[in-house]
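As structure tokens, here come the structures.
What follows is a pair of complexes built around chain A, which joins chain B in one and chain C in the other.
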Partner chain A sequence: MHNSLNRLQSVFGFFTTVAFTLGCLIALTDLWAERTPSGVIKATNTQVVKGRPHYYSSKKEEYAIIKFSLDADLSSLFTWNTKQLFVYVTAEWPAPEAGMNATNEAVIWDSIITNPSADHLVNLGPIGKKKLKASAGGKSIAPERGLLKLKNQKPKYQISHPSGKIASAEDVTLKVHYNVQPWFGLLTWNTQSDIGRWKSFAGGVSDQFSLPAVKVKDDKKKP
Partner chain B sequence: MAEEILDKVRDVVEGEIDFKGQKRAELIGTLLLAITGLIAFNVGWVKQDIVLAMYLGGAGTALSFIAVVPPWPFYNKDPAKWLPVGSGLTVG
Partner chain C sequence: MLSALGNPRQAAAQVLNFALVLSTAFMMWKGLSVVADSPSPIVVVLSGSMEPAFQRGDLLFLWNRNLLQETAVGEVVVYNVKDKDIPIVHRVVRKYGTGDEAKLLTKGDNNQADDTELYARGQDFLVRKDIIGSVVAYMPFVGYVTIMLSEHPWLKTVMLGIMGLFAILQRE
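Up next is the complex of A and B:
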């Protein structure tokens, strides 16, 4: 501590220790916050069409387009340490024959929901970003953004299967997943069972349904 | 003239302080930073605002640097009293 450089190094050194400790404390507060996610999901309209994976492909594959309705309450996932929430919906169905993949799982829709503390990071244009920031109303946490109400939502991704066949798949279910991305601490996904104050997802799985057969183009017959 | 100025500049840049001042600087730096961390966490938690916690932590850290790094007169109040030059036994 005898000269300025020495004091600079010593203060900075202890600052890193304090910053790390502060980060750990903040990460630990996540365990204190209750997580009670719940939701109802339902497939509203399913359709299977034939298409090509890319323009010059000679291979034709079947693609499923699954529209769904989602009514979810993920507001408890928004705490002071939440940076953003990644919500995604998967379609899952078992293999029709033994020897194939036991379970097929594909994401059909996803969304990033930011907490106001991370609004400046969103990939939006200047006007959209301004609107998003204004929607927080000056609050530091916005749990109301965790309330999802989607009606007959179009999927973001049309799904297929490595075999190219997906029509008439049976026992398909839709499932809601989330991933909490904190400012400090570990990424966490939905839990299979209750962990302390973190409850497992109440609902969030649709009833089983079957995909229809490939849609035949009969538009030409219509006037 | 030029040498005098250079000497002064060197003194300010090196910023040497006396022994008691070093002990004081160590104590003040540690306390300020630790208290900063506690205040940042607690205020952030009470207000549920992580951005506020970050700014409080940053402000406290800046304050600690300002308080400790420069050779404030406060750290040079007790200069060591060295024996005068040539006061030792002369050989010969």
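Up next is the complex of A and C:
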């Protein structure tokens, strides 16, 4: 029996199959695109201060403020299937109280870098959005946005520890990570080792350093 | 059109056919759930807190097994807050310690503050068992129909009616 409803149903069914297959093929092209992320990161200035977790808290905790310099080339991660690149810097240090090889890890800075194809989705005011769109110069893929040069960058997040103590922590390292958000397909992060055409991150880990002791408040500034 | 009702054998076949479609869909969902070890292996994004990566209505595929490595900082996870049944999709930004008891803190990419405010009273961190899966794959927009259905309940009735009608009227 072939009535119009039946035909409509099979057309819709065929459409979804084709769309899904096309999406999968597009996702597969990611594997052909070479990925050669690299970067150099260095902690430039560290400081530990005392503060409260929120305004109404009476508890005082130690917070580490780690400034850093980053010089990274993530341009190869931008392809036609890249919606956004999420770049983040973590600080990692051992957690002997939680076990032998236990570690603590916390994000100190992150950034959302959209491909121009996703610029219209960004959470910016109308002026900021216009500027961002103009910066693409009409292109839909902008590898140059993957070139990061940060000098003595202030961290976005001051990090602490559940115990409230972080001063004088030793063997701290900074590490650069990325997360590629596709338009369709698998989300991908730093690879541990080379996978096909995807090379593992060259560099991207800082030398080990120790956090200083709590900074003593300058009495002269206090009334 | 009503001949199906006149022929009980054919009517029974139609009903069975409809039941087969439903149970196939159900078993595929549960099978996926077993493979991914997650109670809900596919979720629809309901809020804009992870924009621009995920919009409302996008479909996410979850994986809840730690085969190669533990759930790490930077992964986008779906978690349930204690005693609340609303799954939230956010990114892990801090992890204190290692193993099942590691303390995890999450944050939405598009939010200013981390999720401490969203957690239950007295809950400062998540642990691994609060998480029902990490996002591994993404499909845009497909889940929007479920948002439509939950926001306009009458659509549900209409759709079920149409589906039932199709199943009954359809002949081999």
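By our rule, the second predicted complex is superposed on the first by the 212 of 223 C-alpha atoms of A that agree within 3 Å, B and C clash if a C-alpha of one lies under 4 Å from a C-alpha of the other, contacts with A are read in each partner's own complex, and residues count from 1 in each chain.
As a convention for this text, contacts are C-beta pairs under 8 Å (C-beta built on N, C-alpha and C of every residue); 3 or more make two chains touch, one makes a residue touch a chain.
Model, not experiment: these values are computed from the prediction.
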| item | value |
| --- | --- |
| First (chain B), second (chain C), both or neither touched by A:117 | first |
| Touching partner for A:141 - first (chain B), second (chain C), both, neither | first |
| Chain B versus chain C as contact partner of A:11, first or second or both or neither | first |
| Superposition-derived comparison: chain B or chain C, residues of chain A touched | C |
| Contacts of A:106 with chain B and chain C, given as first, second, both or neither | second |
| Touched partner set for A:157, first chain B, second chain C, both or neither | second |
| Contacts of A:84 with chain B and chain C, given as first, second, both or neither | second |
| First, second, both or neither for A:195, with chain B first and chain C second | neither |
| Chain B versus chain C as contact partner of A:183, first or second or both or neither | both |
| First, second, both or neither for A:213, with chain B first and chain C second | neither |
| Contacts on chain A seen with chain B and repeated with chain C across the two complexes | 1, 5, 183 |
| Chain A - residues contacting chain C, complex | 1, 5-6, 9, 23, 83-84, 86, 88, 90, 95, 98-99, 101-107, 110, 112, 114, 118, 121-123, 157, 159, 161-162, 177, 179, 181-187, 189 |
| Chain B to chain A touching residues, read off their complex | 13-17, 22-23, 25-26, 29-30, 33-34, 36-37, 40-41, 44-45, 47-53, 57, 61, 64-65, 68-71 |
| Footprint of chain B on chain A - complex, ascending | 1-5, 7-8, 10-12, 14-15, 18-19, 21-22, 25-26, 29, 79-81, 117, 140-141, 183 |
| Footprint of chain A on chain C - complex, ascending | 51-53, 55, 72-76, 91, 93-99, 101-103, 109-110, 124-125, 135-140, 166, 170-171 |
